[in-house]
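Pasting the structures here.
Both complexes below contain chain A, partnered by chain B and then by chain C.
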Partner chain A sequence: MYRMTKPRILTILIYAFTTSTLAFIYRDLYDLLVLLAPTIILVFIYARRGLHWIIIGVLIGLLGLFINAIAFSNTGETVFRLFTIEVKTGAVHAFLVVSIRLFIIAFAGALLALTYSPIEIYRSLIYELKTPVIIAFPVAYALRILPVVKRDYSEIVFQRKQRGLKTNLLNPLDLASVVTLLMVVNYERAKWSGISAELRGLRRIKPEFQYKPRIVDYILLTLLVLLVVYTIAF
Partner chain B sequence: MGVYVNILRAGYQENHIVLRESMFKAGEGEVVLISGPSGSGKSTLILAITGILKHVLGGFVEGVVDLNGLNPLEPTGFEEIPREVSVLLQDPERQLVFPTPLDEVVVSLESLGSPRSTAFEKARGILSQIGLGGKENRHVEELSSGERRRLTLALLEIGDPRVIILDEPSANLDPRGVSLIRERVRDWKKQGKTVIIVEHKIQYFTDLADTMYTLRSRKLVEDAVRDDLYVNLPECRNNPAGASELVLELRGDIGYRDYTVLRDVDFKVYRGEIVAIIGPNGSGKTTLLKTIAGLTPILNGEITTSVKKLFYAPQNPDLVFVSWSVKREVKNIVKKTGLTVEELVNMFPWLSNALDQSPFLLSHGQRRLLELLIALAHGGDLLLLDEPTTGLDPSLYHSVLRELKNTRNKGRSIVVATHDPRLVLEVDRVYKVENGFLREVDKCRVVEEMIRETGV
Partner chain C sequence: MVDILVLGVITAVFGVVFYAMWSVYYAVKAVGGPIIARLVTYGVWFMPAPLAASIIRKKGSAFLGEFLPAFLEAILPTVGGVTNIYYGLGQGLFSELVYLARRYRKYGLIEAGLASALPAIPAVTLDAILFGDIYPVNEMLLIIIAIAISGFIYGVIAYYISKTIRK
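And then the complex of A and B:
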């Protein structure tokens, strides 16, 4: 199957950051719709896998937004009646503005999180974005030990059962003792991994900034500039 | 150039000396073998001579250290250590700090000065040489333990270091793994590298060692190089099969949702016997123990058992602990099992000296011993022990063996997953995992095979 060339992570970072910031600034419905439209298209091109979870999350959030709009902005003429509540133009407008804002931010985040694997993101941190080793290494290490921590967790719970201790994780004390042990075990693991990293000379790596845009990056950045100019000018 | 070490005092805190008056030297192409009881400071010695103790862990080291012309006790020397020295840690798994093999190798190459433009290409070449071509971007946890071991060895050799330090290289390794390490040590010797090996099972390396030292009372003492390969091992005898009650039977396939580890398993345990499961790293021994324990569900088939209570002791002893001090662990055992402190101390007299310590700060061998104590106390009718003898010095090993035999004599059953031929020699029956199948094998023959496979 043909796959679209992915933009560089920095390009998506710039796009997501700019659109999210503008979504906070703009109050006009039309401006927000102009921002939302290309973001939705990009999400459908690059970040379809797992998108349904984001949409479900946003839809759940919409219910809260609607209640909020009724409570704080229900002014103007009545648009429709919901049971005994008269929903007025102010509430509808506020609901639409905040909902679109939420969709833009969620989709911009999804664009970054769903287009790239965690490994691609941390590689970009190390190899492209000149992130100091002290920041990039913990990200890489977290990805390394995530499956190990998951395995440790199930073993710790199992061992506690074997030793006749409670494992009711809804009980804060039981949960705390399991999580504390998990942290101790992984602190020890992290300590030795840190020693290994030192012995392998990780600190000698010089971070570099290597942003090499491709055609798709130029297209995206141009689109972003057009969006900003259009919404400011009109 | 080689290595010259003369440590006057070293430790983690100024008022607590872990090493003193320890001196050794080794020329190019020489191998130094260092042994010593569990918790005697062997790993600390490695941390001291590489500068980690002083510069990373905030400890102190007084004396002289010269590793191929570098002084790691000075900040400038410590910075240069990765260029001249490679270290294999006690748990090689912790040596792998990046999510994929490609990142591991690329970062190692870069840290040694390879430009990024060529590092990726070089890394792919190295991974292809060690049989990991095509798996460059897989998560490290998805590799078999054999593949991970090959990766750690490859990392060790990147940059052609002049000094190589190995901390318990045989721990958790199958005989073929030991043989692989021995081959590499022999090659390094020929290449004129200086090799420092810290090891409990010294017999694996005595024939390769030029000098041998033992850590006694925090001091390094030179020993004569001994060639005592298994000289004290008892003669192997296949125990006659006696009529006994079947306590556990597992028939079927075991593994995980997405893949089968062992097929057509037919595994039986009788009352009052010790059964060993042997086989290469990553072959499915631990999965079998976890399936019996109920931690991993059986894929197809069934487990029938008459035991009311069993205990599974995993490879990582830390997962079993529930308290912050050994004393509280002991109290907990007493509370839950009804055994007395005296009975527990009688099992492992070492315990009385460790009551005030945190279980998490004990040496690996001591943590293993505490885990075994917990398993023996809680164990019920069936104990499942995963690699119970790793990290144990000879004295601790013998106390563990004695307790395992006592437990068997009380009519309880034990299943051990092990690579240790000394332990296999003492068990009643042996199952071997090979190519995805488990079969019962002749004990004496496999012990011979295991010793032969190490290449000693």
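And then the complex of A and C:
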């Protein structure tokens, strides 16, 4: 099967940041739709795996946005009736604008997070973006121990259930018990990892800038410039 | 080195907690709308800053404690996408301000509570810009105060967690 060449991570990062920022700025429904269309296409080309979870998350959120739009923007002419509530043009417009904005942000994020693995993104941050060590090293360590923390979390939840205790994250006391256990266990691991790294004489590396754009990167960046120019001009 | 790795632990732990909180947030949002969802859940998102500061007790630890989990959230597939970084930056800076105001000498209970309450301001501001959640001034103030109270409670919890760890 033919596989599309992936853009470089830095290119996707630029695209995701720019579209998310523009989604913040734009207020016009048409501008937001122009921004959404190419993002959807890109997501379906490069980041289909796992996308359904993002879409489910956004769709659940839409219900809350609709409640919010009716509560705070229900002005103008009546568009339709929902049980006893008259839904007016203001609410429909506010709901559409915020929904499309949410989809742009979610899809732009998905384009970054689903096209490449977190470890690949981290490596790109070091070698392509030259991220400072104080940011890159904790993120690298976090990515490394993330599966261990997830396993610890599942074990804590299981053990609490076995003892008849709840693990409702909305209850501050339940959350505190879970986080305390996770922190205590992983703090010890971090302490000994740090001591071991110091004893081994871990040094800071100074990576070279290695961003080498391919044709697909130029296409994506050109598309981004066109989107910005089009929405500003029209 | 140990401090950097402790930041890594906080990033990973809250990366998992935040990831789990997204579904909780959307479930509450679907039932009660965005305001109730924020009041109930936002405090959790402000927790890592006072936790990092209370454990590490160095300049910039509150900021990094808030920013790094948000950064991890951005590179994991979540609905918030890269906007998590904006929230992480804003909330981290406001948390750091509390410790800066105390000239990095005090890392007590009140500081932790305030460092978790103050990020209510950038969070509500970003929500207003991003989701157009702009209400009359008195309502906006009420939302900020309610989120700040939620933040303060979780800040106090973060302080006690740090005490357990430092033992």
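Here is the rule we go by: the second predicted complex is superposed on the first by the 187 of 234 C-alpha atoms of A that agree within 3 Å, B and C clash if a C-alpha of one lies under 4 Å from a C-alpha of the other, contacts with A are read in each partner's own complex, and residues count from 1 in each chain.
In the analysis below, a residue touches a chain if its C-beta (ideal position, glycine included) is under 8 Å from a C-beta of that chain, and two chains touch if they have at least 3 such contacts.
Keep in mind it's a predicted model, so treat the numbers as computed, not measured.
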Checklist entry - Touching A:194 in the superposition: chain B (first), chain C (second), both, neither? => result both
Checklist entry - After superposition on the shared chain, which partner residues are touched by A:230: those of chain B (first), chain C (second), both, or neither? => result neither
Next on the checklist: A:108 in the overlay: touching chain B, chain C, both, or neither? Say first, second, both or neither.
Outcome noted: second
Item to check | Which partner reaches more residues of chain A (counting touched residues only), chain B or chain C | outcome: C
Checklist entry - Thinking of the overlay built on chain A, is A:141 touched by chain B (first), by chain C (second), by both, or by neither? => result both
Next on the checklist: By the touch definition at the top of the document, which applies to A:123: first (chain B), second (chain C), both, or neither?
Outcome noted: first
Next on the checklist: Just checking: does A:211 make contact with chain B only, chain C only, both, or neither of them? Give me first, second, both or neither.
Outcome noted: neither
Next on the checklist: Looking at A:44 after the superposition, I want to know if it touches chain B, chain C, both of them or none. Which is it: first, second, both, neither?
Outcome noted: neither
Checklist entry - Which of the two partners, first being chain B and second being chain C, lies in contact with A:155: first, second, both, or neither? => result first
Checklist entry - With the two structures laid over each other on chain A, which partner does A:24 touch: chain B (first), chain C (second), both, or neither? => result second
Checklist outcome for this item: Interface residues of chain A shared by chain B and chain C, listed 118, 122, 137, 140-141, 143, 184, 189, 193-195, 197-198, 202
Item to check | Residue numbers on chain C that touch chain A, as the complex places them | outcome: 1-13, 15-17, 20-24, 26-30, 32-35, 37, 40-41, 43-44, 47, 51, 55, 60, 64, 67-68, 71-72, 74-84, 129-133, 135, 153-154, 157, 160-161, 164-165
Next on the checklist: Give the list of chain A residues in touch with chain B in this complex.
Outcome noted: 118-119, 122-123, 126-127, 137, 140-141, 143-144, 147-148, 152, 154-156, 158-160, 162-165, 177, 181, 184-185, 188-189, 192-205, 208, 210
Item to check | Complex interface listing, chain A residues touching chain C | outcome: 13, 16-17, 20, 23-24, 50, 53-54, 57-58, 60-61, 63-65, 67-68, 71-72, 94, 97-98, 101-102, 105-110, 112-114, 118, 121-122, 133-135, 137-143, 145-146, 149-150, 153, 169-170, 172, 175-176, 178-180, 182-184, 186-187, 189-191, 193-195, 197-198, 202
Checklist entry - chain A touches which residues of chain B in the complex? => result 47, 50, 52, 55-57, 79, 81-83, 85-87, 89, 91, 94-100, 103, 107-108, 110-113, 116, 137, 139-141, 155, 293, 295, 311-312, 314, 316, 318-322, 332, 336, 360, 374, 378
